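What follows is a short report on a single structure.
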């Protein structure tokens, strides 16, 4: 069992030295932000704007969660913790929206 | 690496003990056991307050035309006039009875007291993961309690829109005459939410990350399982209430209209948000009770819990279902009937895990060697009463029947069978059971048994007839039912209920007397008075600061009673080395 | 006195209020306040220098017909009325006199005795008695219920703090106060939609409400020049100048007629408390 | 504590992640639900009364907020840089990047305050002068969501300032990175929420 | 002490009551099983000196039995409830040519607007009566339920009708009374300090009586 602790420690050391490309992600986020602002004022149907904006927002959020919050490098068990509330969020919003169906 | 840190802090805790001032040791303590006792005293106080509010209500319901409220003179004219409880005060009583009982008594008693006390002890750690946050979670409850009590004495009185706070009634002071009182209660709710979230973070983190060696998931006592699942529910549900509560405060104070139709807002949105929190909350109020019951029944029957894995699965599925059934509180609310259809089905399916649990409890008792002490009696009482509460729930889950019984006393009977007959019975059982560990003395058994029988009988006299009154059609939160033609003929029943309720309240004082008397005069308790197997009983009573000199190692499942390979006694502690006892005993 | 105490405690907000509860510090403070106001004011009235104002609210022309009130769902109340049943009280005219006009000195008053005694507002047969009530700011208003059924009293002032209380049985009383002058404070019962009363709050005791015959009289007015204002719920406000001499009786009358209905009435039938801002919005009904 | 004494008494594996990090993630779960409550209400209210919303840019100042968004993204990258510096024991890097993060966070707040003042004092909306929380559902949801986000930023800036002070005292280093990582998680979460809010509140 | 459902006067009441009794029988059996079992176990297995409990961790077969049996019962009950619910409330089952009334709840009154002789709401001969609801027997009745201020709940026990009135919404509720009689509308949702007093009389007339009553109200309506 003592290996477990050792494993965790070494895992932490590993990615300590192989830094994800933080600046690259930053550039990525900045470009997406500019794109978002541009898309918002395009003269295309509203639903297309909404869909593309939502996709870009989720994309950006994922970049932050995966790289800056290191979810990409964490054990699956921790990812599970991070994902836990999402079904509840989805259920809540979908069900309340059904009032309009 | 993490281990060493944990060990080091453990040692630090152990050494700290001698240097602490009174203030640090008993008031602003970070010791989970002290915090649990603080919570216990806090919640017992509010249990009494909540009971007192109920007594005033019962007086009014039974004798609406009499006036002459005993001691009515001590109330200000804005509450009781000429011996009559005023309708606005009655609404405040209804609202605050529910609110106080749910948020300040039962929920913190289930979670604040027992999650704090038991999680580190039963998991075998020195303390919670974040002791200072833990302390904060108690101290956040203090302003909540003060705000709640004070709200009765501000202009307009305490909140009067029901514990469900349905907007717009709760959002518009001009329609109720209650302004500040409502805001104070909402502010209290935000504090309660903060406390609950901080507590939950602690319970979850501790359970996930700080279990003693050998304490695998499937060796955790059911108490821990239930508290862990409860913490997850609170973690995910409480913030939604906080968000909704803050929006409601804004509606009241800064002129927004989230829930006010005249500004484009939606009253039903409040209900959706409230019950999205509210239904998991209902399970927050019952799951820990189920855990305690499983534990006490197993100890008292001298048998392992019947179907441990099924019990765990049932807990998990109840928790999951808890998030997809909130709409059943809103069948008659004007919600889309199609939603009603889906919520009916999901709701009815809660009966399945509930049935599994009930049958497993009976299975635990089956062919046992039942030790009918007070704690066991309350645990058996829990099963009996929870069964009634669960079965009456089937009526409401069936939407067509709910059309009639929604918002009648049938519902009142149902929630009290679950919250009083369920949660509170289990809590009494838990207090009788763990009292020796907490305070090092036993509670008096004779008084305990008298308390049980009084509570059990009077509880049923109070709440069973409410089913009948509900069938007749008596609406909830009715100040005076005598004006309705269809409610003629239930006055006697209401009077009977009220008399029994007064008795029930009085029997609570017997418990309180036993509790405080035993602190000083109770028989000294040995480390393991019940011959129980879980880790907390393998420490002295009460456990020292830091719980363990040395973290225990777990070799067995949580409820190994009457193991055939152990001959000199009928129990096998979780941390007993198998080679000392018997090689075959390590299973499960 | 008791409700006074609780109101004061309330202002201290909760915690403090709780602590003060046993002490009764709030109550003695309140008593001192009242005494302090009363002493110099009593001295201000000099019988030798006061006069009386009296007059009429006259009504000419077609008297509008009042709507019948449907009290059938409240049999106990309906039984209190004759064969015609209860009628609305918006415009009550008898022998050319208009009742329920609130008249008061609106300008020229300097210094006034403090309020003494209590004004009474009763609820009889599902109606407010009186329909229009005048009180001095700070004066006790004793609200009582003579019907053995539920009334709520929902006062929605703009300047003062409103209240919404209930009296579920006969014999229950409640004492309320308005601290600031305000003409008029509408009072309604939400249980019985037709029940409406108006309370005029002024800073001095020089006010009156015209009786059934349209007459009024205000005594003990210090000599001087004043502007008088008359307020009626349908016909709005009207002013008159009046000079009071010591020992004399000054006359001031107000003339109304049917055509005036629909004038700019500050307090019409439908008063809506705007949520959030706590402002009253006047909503004219057709 | 000698290693020998702990041998064989290692606690259960848990998540193989140190406790503070687990605790922060668990806490963030509840934060997700809090913002989900606010955002969910926003979505529902907007669906119910779509015509009471302005077109993007009509009321809210998108360029300024886009710049503000950029600031927050920059602060996220400086935050991870501070963590990377801590892992390498680069004291100068820790101080520099923590200070930068704090300043960027504070600037974000400053811009938000400026934005609020402009809206309340100088914008007119649906006839009333000033765009305030009382200005219909649009104003109510806007101020509630951005306000609570701002409150979270404020808490973050306070913690960051404290962490920066500690950096100057040499508190952080290769053997002590947990505090920075956990604070970073919170900070990135706040950034993540803003990414969503910026899109749905300002651009849609 | 008369603990019974009030007599039923509506078509929907029949199925609702039927379902109530079905559930009562099912839960009654479960109740006897559980409570009887507990009492029996308490007596039979009460602790004795030197006795030893039977050591078992459970039985998968039993777990499956008491999972599957309740699940089947519940599934049937759920399906049945859902069908009945859809019959009663499903918007596709709203009667097409029902007589319509507008019912507006306000603190603390029910104001009922009648369609008048032309049987259509929104026309000149509509009239409103406070706290009195008259309608003909054996005819599909639809009320459009609204609220002026807070949430109220329209509840007529004898007709097994209950529906919240929500400000900002117009909610249709339909039912069909099977006998004439006098009842009361109660408010079933806490709506403020006069909640308990928010009642209105309900009179179910024969068709002829209803026409006569409506005609008697016409002079008042003309004003």
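Residue numbering begins at 1 within each chain, and the chains themselves are lettered A, B, C, D and E in the order written.
Criterion: a residue touches a chain if its C-beta (ideal position, glycine included) is under 8 Å from a C-beta of that chain, and two chains touch if they have at least 3 such contacts.
Remember, predicted model here, so these are calculated numbers, not experimental data.
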Least step count from chain A to chain B, where 1 means the two chains touch: 1
Topological distance between chain A and chain D, in contact steps: 1
Both-way neighbours, i.e. chains that touch chain E and touch chain B: C
Pair joined by the larger number of C-beta contacts - B-C, B-D: B-D
Chain located farthest away, centre of chain C as origin (C-alpha): A
Length of the line joining the C-alpha centres of chain B and chain D, rounded to whole Å: 34
Separation of chain D from chain E, taking each centre as the mean of its C-alpha atoms, in whole Å: 48
For chain C paired with chain E, centre-to-centre distance based on mean C-alpha positions, whole Å: 45
Per-residue overlap in chain B, given as positions that touch at least 2 other chains: 1-3, 86-88, 172, 175-177, 208, 213, 236, 240, 254-257, 262, 265-266, 268-269, 272, 479-480
Where chain D touches two or more other chains at once, by residue number: 6, 8, 10, 15, 17-18, 22, 26, 29-30, 33, 36-37, 40, 44, 48, 134
Per-residue multi-chain contacts in chain C, two or more chains: 150, 152, 164-166, 168, 276-277
Full enumeration of touching chain pairs: A-B, A-D, B-C, B-D, B-E, C-E
Sites on chain D touched by chain B in the complex: 1, 3, 6, 8-12, 14-15, 17-19, 22-23, 26-27, 29-31, 33-38, 40-41, 44-45, 48-49, 52, 132-134, 136-137, 139-141, 144, 148
Contact footprint of chain D on chain A as seen in their complex: 1-2, 4-5, 7-8, 11, 16-17, 19, 22-23, 25-26, 29-30, 33-34, 36-37, 39-41, 49-50, 53-54, 56-57, 60-61, 64-65, 67-70, 74-75, 77-78, 81-82, 84-86, 88-89, 92-93, 96-97, 99-100
Chain E residues touching chain C - in the complex, by the definition given at the top: 106-109, 129-132, 192-194, 196-198, 200-201, 220, 223
In the complex with chain E, residue positions of chain B that touch it: 86-88, 91, 94, 160-162, 166, 168-169, 172, 175-177, 261-262, 265-268, 301-310, 332-334, 337, 340-341, 344-345, 348-349, 351-352, 355-356, 358-360, 362-363, 365-372, 380, 383-384, 387-388, 391-392, 394-395, 397-401, 403-404, 406-408, 465, 467-469, 471-473, 475-481, 483-486, 489-490, 492-493, 561-564, 570, 588
Of all residues in chain D, those that touch chain A in their complex: 6-8, 10, 13, 15-18, 21-22, 25-26, 28-30, 32-33, 36-37, 39-40, 43-44, 47-48, 56-57, 62-63, 66, 69-70, 73-74, 76-77, 79-81, 84, 87-88, 181, 184-185, 188-189, 191-192, 195-196, 198-200, 202-204
